[in-house]
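Each of the next two complexes has subunit A plus one more chain, namely subunit B in the first and subunit C in the second.
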Partner chain A sequence: MRANDHSADVIVIGSGVAGALVAHDLSAAGISVLMLEAGPHLERWRIVENYRNGANKDDNQQPYPASKHAPHPEYKPDNDYLILKGPDAKAYASQYLRVVGGTTWHWAASCWRFLPNDFHMKQVYGVGRDWGISYDDLEPWYYKAELELGVSGPNDGTDLGSPRKQNYPMDHLPLSYNDQRFSDVLNANGFRLVSEPVARNSRPYDERPTCCGNNNCMPICPIAAMYSGIVHVLKAERAGTRLLTNAVVYRLEVDAHDNIIAALYKDPEGNSHRVTGKYFVLAANALESAKILLMSNTDKFANGLANSSDQVGRNLMDHPGTGVTFLANEPLWPGRGPMELTSIVDHRDGDFRREWASKKLHLNNQSQTRKATLKALSMGLAGKKLDEEIRYRASHTVNINSFHDILPDPDNRLVLSDQKDALGLPRMEITYKIGDYTKRSAEHTHESYAKIAQLFGGTEVTFDDAFAPNNHLMGSVIMGSNPKDSVVDGDCRAHDHANLYLATSGVMASAGSVNCTLTIAALSLRIADTLKRQLGHVTT
Partner chain B sequence: MSDPHAIPPDQPASPARRRVLLATSLLIGTLAVSGRLVQTVFADTPAQDAAFLQLSQLLTGRPQLDATIAHRFYSALGTKNSQLDSQIQEIAGEAQTNSLTNADELLAALDANKPELAKTARSIVAAWYSGVVGDGPDALVITYANALMFDLVKDATMPPSYCQAAPLYWSAKPPLA
Partner chain C sequence: MTHRLVALARITLCSLLLAPLLAQAAEISTEQIKRGEYLARAADCIACHTVPHGGKPFAGGYGIASPLGTIYSSNITPSTTAGIGSYTLQDFDNALRKGIRKDGAHLYPAMPYTAYARLQPEDVEALYAYLMHGVAPVDIQPQRTRLPFPFNIRLSMAVWNSLFLDPRVFQPEQGKSDQYNRGRYLVDALEHCSACHTPRNMMMAERSDAPFAGGQLGAWYAPNITSDPVSGVGGWSQDELVQYLKTGHVPGKAAAAGPMAEAVSDSLSHLTDADLQAMATYIKTLAPIRNTAETKPAYAWGEAAHDDATLRGTSGVTQSSHATSPAELFSANCATCHQPSGMGTADNAYPSLTNNTALGHANPSNLIAVILNGVDRPLPDGRHVFMPGFGPDSMVNPLSDADIAALANYALKQFGNQNVHVTTEDVATSRKGGEAPLLAKVPRVLPIVLVVFALLLILGSWRSVRQRNLRRAVRPSPTPRAP
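Moving on, here comes the complex of A and B:
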């Protein structure tokens, strides 16, 4: 069967890295795929121009204006798309994109594997939950994901805690002077700082160029040296995937056997359309995927689809972040090379995880020129003094940020609001609270920041202790081996619907301490493999 | 040079428009080599433009400012400050009367005697250094890559989204200060 605008073997909902990887892999195997994307297609050059012409250079969402029919969160000014509640509402003011290619248009491109113990938090440390699968189940898929995304990493034997069978596809990029100096000082003083694996080319790879240090990974790499989901969208289309843009899926239909038989979507004018398939892959990001399941309620599935456990939309996680900024006593010149190259990893795992959250700290290598200038101007300077102040701050500013683990809590949840968007679809109401497990770790992080500042003779040490979102949306359609308390099984298949797969970080049952994209990619490639078997296609 | 990247957000960059932009930037780039040439070329611009450019040169300590960008700063600042023209005259008068030839001295004098003029002078400085006029939702980006702040650090870093060196250049040691 060939895909057309109405039907395909596999319907993929969402065109971010997860959906695009599934679509590409299936199409390459000769399976017909129809991929639906709620938002529009954006050209890279337009995004770059939007960045350069935009005043809010700190806002990664700015170059991606939300469409009326498929809004995504905007904060400057706030479009109130997400209705945020609870004591830590601000810490879930998440950024994601509803456009072709998804949110990896703007990301740090960090491609960490989770640690073996991350998959067994309950079993090993007595907190949180177990995934129902292990690191070993994912290891081959992690490697395939690294090949697909093009990951460069330290091939010099650096142990990042996640056992590897092969080298990284590319050797890591050389450190910037800033990162090298920071690394030398920290590693000589009891910290463990390593070169970070990233989906960024250290040599021409997959028809994309070597990184040349535009220092603009967020919000847009101008030259595609950094991987973005758009890479596999284009590959999937070349392999035969049919892509429908501006198709806002709002309901999945089930038959008498609880199989999904159709997806209904609205076009920007509000007209409804229906597409049918044998298998459905929901890859619309952790929040939007849960929303679609909740919107698909029927008499039989009164709480929405895939939700007999009542866990859809619950267990929301992110990596609550804190930061510090100070002036070092030597010029380091952040802003040369990619925006992030190194991480401090000495508290990613250990028995302390029984009591407090694991974490990763990372040095910001973003150009500080603009912030230095705004600060120097605010001091009222002009002339030579202004020039000197800007240069001093641009060269001496150190900024460090962090990801903290958070435990899955069913009360951290999204529900459908009575308020509607432009197409009449419910908006999401999110309640979020960060518990003591994370707060205890953040206190320890604060002490680490202070120590680091001291090592550099830091002045104007400014702690940013208020938890910030890091846009790693996890837990909303959580994985587990027990259908009574989880949404999907170890294959990312909905417990309640045999032909429905969830390709999203929403399935992740622990947050760990690292960016979740590589794990999404690995799980998605594994879903594609499962589907190939289901559809009778030979797999390697 | 004029800013070749100032395509309004909603305007498609047609090949024709790109050629025009390129030609314009090359032309101005050539002419901007000396301040005298700029003066000649823009001799028929309004006197207010010339006064703004001249004051900008004093306030930034840079004799070679781009006249096209100056005009756009002038227009944008004017929409937020109805007194701009008269204040430019007053500030320039203050500098002339007291023989103040650099921004530090001029601002110190204004702070002491004419605080409302100091505020306007600083808004002009802020525009040239940041490339932006105003803040919040009303902020107007006049130029990005040509903001003076980037010129100040160009021996070490570049305006983000631009790359002006070979890949992997960044491991070399940057300037010491």
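Moving on, here comes the complex of A and C:
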């Protein structure tokens, strides 16, 4: 049976990488899928032109203008979508997109696997939480996710700490001069710098071309050499998924057996619609998914659905980031190739994690010409001197950033605000505080930055110690084996509702030190496999 | 390279396995198998007899979308159950050169037996040796071809053959160089170039009055490759022709896409330089045929664009899926690789759109087909030219017929033949695989087809009688075919 606009075997809410992977896998197996997306469909070409026409080139949200009916955070100017509170409110000023294809329209495409110990933080290091599943449970799905997204990585035997059974689907791209030189210097001086796995084509793959180094992966890869969720949206639709855009889900309905029976959504005019299905996959990003559960409260489920543990919306995590910028004593010419190619990985794991956060540092390979020009102009230069200054700064600027682990803290939470959006739905109020566990690590990172700057005879060394968001939204619907203190089980199924699955980074019970997308993808493919079994379809 | 190593390994393995058999059939040598492998490359057997992207070599099953319906290629591995394992050399010759299967059924001329009919006996033997001993058997029966009535009557091909199949083996032309004769043999027999580059008549046979004058191949156009300096390749140097055959790209002239890219990838790029030089030598002698609608060579059009600066800021930041101008569509979809000027990159990795035959012919099929389907041209040296398509299967950005027509017209006006215009309907037709020839419009013209068919039957039987008589008359010295 094919899905229609009213019902399907499986209702998928959200069309980002998680929802699209589930929808595609199920549709390919002949299961009817209806996918609801709150935002509109944007043409890639339009996004490209928006980027070129827009004034704020640093603003990754700008080429994706928010819809009135389904806003997403905008900061230049601030549309005040997220109500941010707490001592580190600014560090949760997150970016995400409510459009078909989701937030991987703009991302670094880093596709790291988590480390085995990331899944057992409490058991191994006595801090944080355990997931209830292990790396080995996820390993085959990590590989399948790498195949689906098209991951290129170092096939030269480089050990990234996450044991592999197969090579990366593609070999890694050649390093830029900037990355090669940086890597040579750091590796000769006690650091460990590696080529990072990325969902970016180093050869034609999956009908998408090879990366040609446009160097604007964020906010948009103009040629789709970089993977984005839209790829699996297109594949899902071609496999039979029915996609409804501008459908803002605001409530899930439960029956007497606590099963989800319907999703209610509003169209841009505010009219309500109802769709029914046998299974529901909530894949609307960590914050919006939690919000939908909280909005679905009933007499029986007064705190919202899936929330008997009172953990929905809590344990918010990200990778608090710090940075450093300096002028090297040699030209490195950042800007050739993709925006990021390498990472410093010597503090991703170890006994230190009992005391302070693991982390990953990465060299920014974004072209520095624009910033160099702004700086040179601010120096009042003109003519030849202006050109020389721009050239010098564009070629010598080094910028390094970082991801720090953070522990899941129930007080870092999202609640529904009394304030409403254009459709009359409650806005989200987020309270965020970064603890000493992360701060201790950031102090150590500061010292590393200083050492690296010294290696390059750095001048104008500018530390950016204020924590910045990295938009890796985790923890909001946290996974665990105990229904009393977690929202979903090891299969990403809600403890409280047998037919509700959460395909979102919100389930992640530790933040680790790397981007969360590949883990979301792996978990989503595993959800699809579970659903195929439940629906009696043979699995591969 | 990998390809060759694998093939070599296959030969070695098969040679070992079949050593006792080979001992019996002492005349089959490793050298003969290797020669057969090269000839199979030159004849591009793999292109049709292997399902692209992972099909087992020579196991058939590739659906060739002919205007009359999908024709599935046969399994030509030495499998005795599904392939040609039970074929004798004579059976093989009948199929290859006469289009008749071992069971007596006629092949459709999607199999270019009209070209292979020229193959010399020792080459047929080498091909046979390779396919029987250098290829792994695959016991899988490919999907059966089921064309609609009346084309499902395979016997009708006997009539067609009596009209259009010239059974004579290639004979070197006296007074011409070895290089010319080798080239002619490669072009006319093995590479079967005319199968695409010669226009076809109402009965889908190559038009003898217009050899190599350019033919429509579904959504693609196989251009005129006669020596005419305007409509053909008269303006190309010998080395440019060789480079094109070897790599599919000559900056300032043309880049191969679609079926020609396949021919380059699967066949031409594997030929020796000497053979490519020979082909170019012969191609340069093809009698010129001019299309009067064409006023200058297809590669001689176009100028750099300067629209980028006028675009910035004009449409702001929006969710709209409607372009404000064709220039905006070009900027967003094409300029990232081909550059805002359309002149490509300095290293020609992204080709210039000016001086590019895809935009210069009076027939715009290739421009539309490239935008819809992209370019996919892997080469044996590891290079892989790939342009994504913007058609319904695009993973980059599927575009509408109207947007593709707008893009094509912008490109034609700026970079190509300004006399050519593309309509939305042209794009829709290309999407469907091109304009169907008259013969394929059976339901609408069935009465006419039946009349023609009946006439052909009469004509055919008369001609075959006549040919028999003729053959009797001229035996034993068959005259070589006129050039």
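Rule of thumb we're sticking to: the second predicted complex is superposed on the first by the 540 of 540 C-alpha atoms of A that agree within 3 Å, B and C clash if a C-alpha of one lies under 4 Å from a C-alpha of the other, contacts with A are read in each partner's own complex, and residues count from 1 in each chain.
Here is the rule we go by: contacts are C-beta pairs under 8 Å (C-beta built on N, C-alpha and C of every residue); 3 or more make two chains touch, one makes a residue touch a chain.
Note that this is a predicted model, so its numbers are computed, not measured.
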Applying the document's definition of touch, where does A:C211 land relative to subunit B and subunit C: first, second, both, or neither?
first
Now for A:D387: first (subunit B), second (subunit C), both, or neither, which partner does it touch?
first
Should A:P40 be classified as contacting the first partner (subunit B), the second (subunit C), both, or neither?
second
Between subunit B (first) and subunit C (second), which does A:A498 come into contact with in this model arrangement: first, second, both, or neither?
neither
Check whether A:Q366 is in contact with subunit B, with subunit C, with both or with neither, and answer first, second, both or neither.
first
First (subunit B), second (subunit C), both or neither: which does A:N50 touch?
both
In the superposed arrangement, which partner chain does A:A466 touch: subunit B (first), subunit C (second), both, or neither?
neither
After superposition on the shared chain, which partner residues are touched by A:L175: those of subunit B (first), subunit C (second), both, or neither?
first
Which partner, once the models are overlaid, touches more of subunit A's residues, subunit C or subunit B?
B
Tell me the contact category for A:M379 with respect to subunit B and subunit C: first, second, both or neither.
neither
For subunit A, which residues lie in the overlap of the subunit B contacts and the subunit C contacts?
45, 48-50, 52-54, 209-210, 212, 214, 222-223
Parts of subunit A lying in touch with subunit C, wherever the complex brings them together:
40-46, 48-50, 52-54, 62-63, 65, 67, 203-204, 206-210, 212, 214, 222-224, 231, 234, 238
Which positions of subunit B touch subunit A when the two form their complex?
5-9, 13, 59, 61, 102-104, 106-107, 111, 121-122, 125-126, 129-130, 132, 135, 137, 139-141, 144-145, 147, 149-150, 152-153, 156-163, 165-177
Complex contact set, residues of subunit C against subunit A:
311-321, 323, 328-329, 331-333, 336-337, 349-350, 374, 376, 384, 386-389, 393-399
Footprint of subunit B on subunit A - complex, ascending
45, 48-57, 76-77, 173-177, 180, 202, 209-216, 220, 222-223, 331, 333-337, 366-367, 369-370, 372-374, 377, 380, 382-387, 390-392, 394-395
